[in-house]
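Here the chain labels run A, B, C, D, E and F in written order, and each chain numbers its own residues starting at 1.
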Amino acid sequence: MIYLTRRERFNAAHRLYNPEWDDAKNLRIYGKCSNPNWHGHNYELFVTVKGEVKDKTGYVINLKSLSKLIKEKIVEEIDHKNINIEVPFMKDRIASTENLAKAIWEILNGPVSELGAELHCIKIVETENNFVEYYG
Amino acid sequence: MIYLTRRERFNAAHRLYNPEWDDAKNLRIYGKCSNPNWHGHNYELFVTVKGEVKDKTGYVINLKSLSKLIKEKIVEEIDHKNINIEVPFMKDRIASTENLAKAIWEILNGPVSELGAELHCIKIVETENNFVEYYG
Amino acid sequence: MIYLTRRERFNAAHRLYNPEWDDAKNLRIYGKCSNPNWHGHNYELFVTVKGEVKDKTGYVINLKSLSKLIKEKIVEEIDHKNINIEVPFMKDRIASTENLAKAIWEILNGPVSELGAELHCIKIVETENNFVEYYG
Amino acid sequence: MIYLTRRERFNAAHRLYNPEWDDAKNLRIYGKCSNPNWHGHNYELFVTVKGEVKDKTGYVINLKSLSKLIKEKIVEEIDHKNINIEVPFMKDRIASTENLAKAIWEILNGPVSELGAELHCIKIVETENNFVEYYG
Amino acid sequence: MIYLTRRERFNAAHRLYNPEWDDAKNLRIYGKCSNPNWHGHNYELFVTVKGEVKDKTGYVINLKSLSKLIKEKIVEEIDHKNINIEVPFMKDRIASTENLAKAIWEILNGPVSELGAELHCIKIVETENNFVEYYG
Amino acid sequence: MIYLTRRERFNAAHRLYNPEWDDAKNLRIYGKCSNPNWHGHNYELFVTVKGEVKDKTGYVINLKSLSKLIKEKIVEEIDHKNINIEVPFMKDRIASTENLAKAIWEILNGPVSELGAELHCIKIVETENNFVEYYG
């Protein structure tokens, strides 16, 4: 079993905001991350898949196919967008990095199987000082 | 003469937008960077000052004073903010990295002199693939 | 289950030294890392916690609380200090990165539970070429 | 149990090429990675070993011994070489990063045991956007 | 005057080799960098241009145009290639990083002017430990 | 004229301390950087030289000679040492990064000329957030 990781990047705006709370409570819980006028990040997305190395190719799966999949399903939907109001797969979810990782897992899990590997981990680096990992 | 550089960071939302143009023209010129719902970045700001090394301290200037100055004048005004609509020193300026560098120069130039050094360069890294430098 | 990681940094002096041995033996075992006049590092500390994402917040735990905890319990005790002679939690331990990771685990394990998550990993990067990880 | 990681680096040329296929098929499967005139990379190799911390030394194993082992067994064989035609441990294997990780595992597994630890992971970073990990 | 830098990357094989010398002398001068079977690198190319910020756009020049120019003129010619035998602009030049920087300057200097800026610097990072800069 | 840069690294202990002042004044001026029990850093040293590219070699100067020079004159003197009390070229100088850059310039300036190039810049990175540059 080999683990293969591809990094893709996207830049997006967001705010941490629970619609069940008023702005005052959101600011109390989330601080400046809940600024109603948004802020944003350069996100790094690391997608790790696992599988046997194929004798014929020396590959777990073709890295270009994996990159293409991530770009089509994730990057095109979220890059240079507002995560709270424009990204279909984040609809009705609080725009935290944790929820982003879970949503991306749900989208990529099936298609990665169709490529012939198993999704292992979604890692999202929000700043140089914090990141999350989700293993399904 | 020694050149001393301090890095500070801020996360912000913005869009490239010239208010003299309609949205269609803005999108034609700026592409996805003009998304009306904003996007954002992890910005890195490098402030370089120059001066003689003081015999008594071995310093050009105290790095903590420089860091404090940058945080008070710049980071507190722009971190977790929307550059287009919330940042006083970017009012009436297109929210490009180039204009950001020039605006930050104008703000820091005087105070750096008061610290006993000369402002040399404002460098802003917007993504791992692009940055600007301004020397006044 | 989501894994959330926070990075903090500290700069410290140390030497590798077993007090049961004389200087000659320490130098034979540890080489220049046992220099009696000390050397030092920019340490990077990565603290990974795990837990369920809370529906209300979208968080495992509040990253600011985690950062504050690490700063209070670890960084304030060790930053700009001599690990061998000034850091309470390293008393009577050889000042290796391995022992540092274990000591930091012992300190953070309880308080991370009180924040509502489980401590998963302490990773310490000593140089760009070596790091250790401890999972309890 | 502590996990200790050492990074070493090497620069090498390679091409992805299955000798059972003609050049046309190799190009169809591998794209530009199969260029008959080769291309190359700055590879980063991360070797992770695990073991108990020894009371006497505070070490899992001596990092210098681990570094020396990796340099002798791996770096001297592959650095500034052509992976397809000059590296004994890659003979008759497709020169993919996956196969490289597996071959390096096979070589280091025994000698790491002799140093008193257990080999845990071989990670190879081929570019800033892709890497593989092998756990045996 | 603002300085704007764009980074692009390419992976290539090369050897340091002066055809006026035999292999023995090439090996004596260049060491392992002259391996007849090639080695390779992940090259990072930083192109810096300078110019006035345009009032209408807030840009020196459009970064996407600069990126497209570098990709068309340089990256497509050299990425996943053998610098010594396949790259037209390196024909009859020793495949050193220094010569690479000069050749890239010659190619980009005119087209950057046509974009409305002035070429300022070509920087090429060959490994994390060495890079060259050329200012024309 | 081409500018060639080599990076070397060293780990060292130091404190900021002016022997003309008592400990109280040193602490008031330098803060925790003056801790009498020392602290330390992973220093990165970038040495930039300039010169014409030689037709025969494609080199400004041989990078291996430059690396060897820096290691012999600087790294062997300061790596895993205490800058204040063990490094001959820092004797009677306050152990600031500024003074370190100037001292290294003085040592390397002559020998770089003998290698056939001109010393251009000494850059020292003390932490990811601060560095100095000295141009003679």
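Throughout what follows, a contact is a pair of C-beta atoms (placed from the backbone, for glycine too) under 8 Å apart; a residue touches a chain by one contact, two chains touch by 3 or more.
Bear in mind the structure is a predicted one, so any value in this text is a computation, not a measurement.
Shared contact partners of chain C and chain F are absent; no chain touches both.
If you match contact pairs by residue number, over half of those in A-C turn up again in just one of D-E, B-F or C-F, and that pair is B-F.
Look at where the CA atoms of chain A average out and do the same for chain F: the two points lie 42 Å apart. One simple way to say how far apart two chains are is to compare their mean CA positions; for chain C and chain D this gives 29 Å. Touching of two or more other chains is recorded for residues 128 of chain D. Looking at which chains touch one another, you get A-B, A-C, A-D, B-E, B-F, C-D, C-F, D-E, E-F. Touching chain A in their complex are the following residues of chain B: 9, 11-14, 32-33, 35, 37-42, 79-82, 85-86, 127-128. The part of chain C that touches chain D in the complex is made up of residues 16, 18, 20, 29-31, 93-96, 98-99, 101-102, 128-135.
Those residues of chain B whose C-beta lies close enough to touch chain F in the complex are 1-8, 48, 53, 56-60, 62-64, 67.
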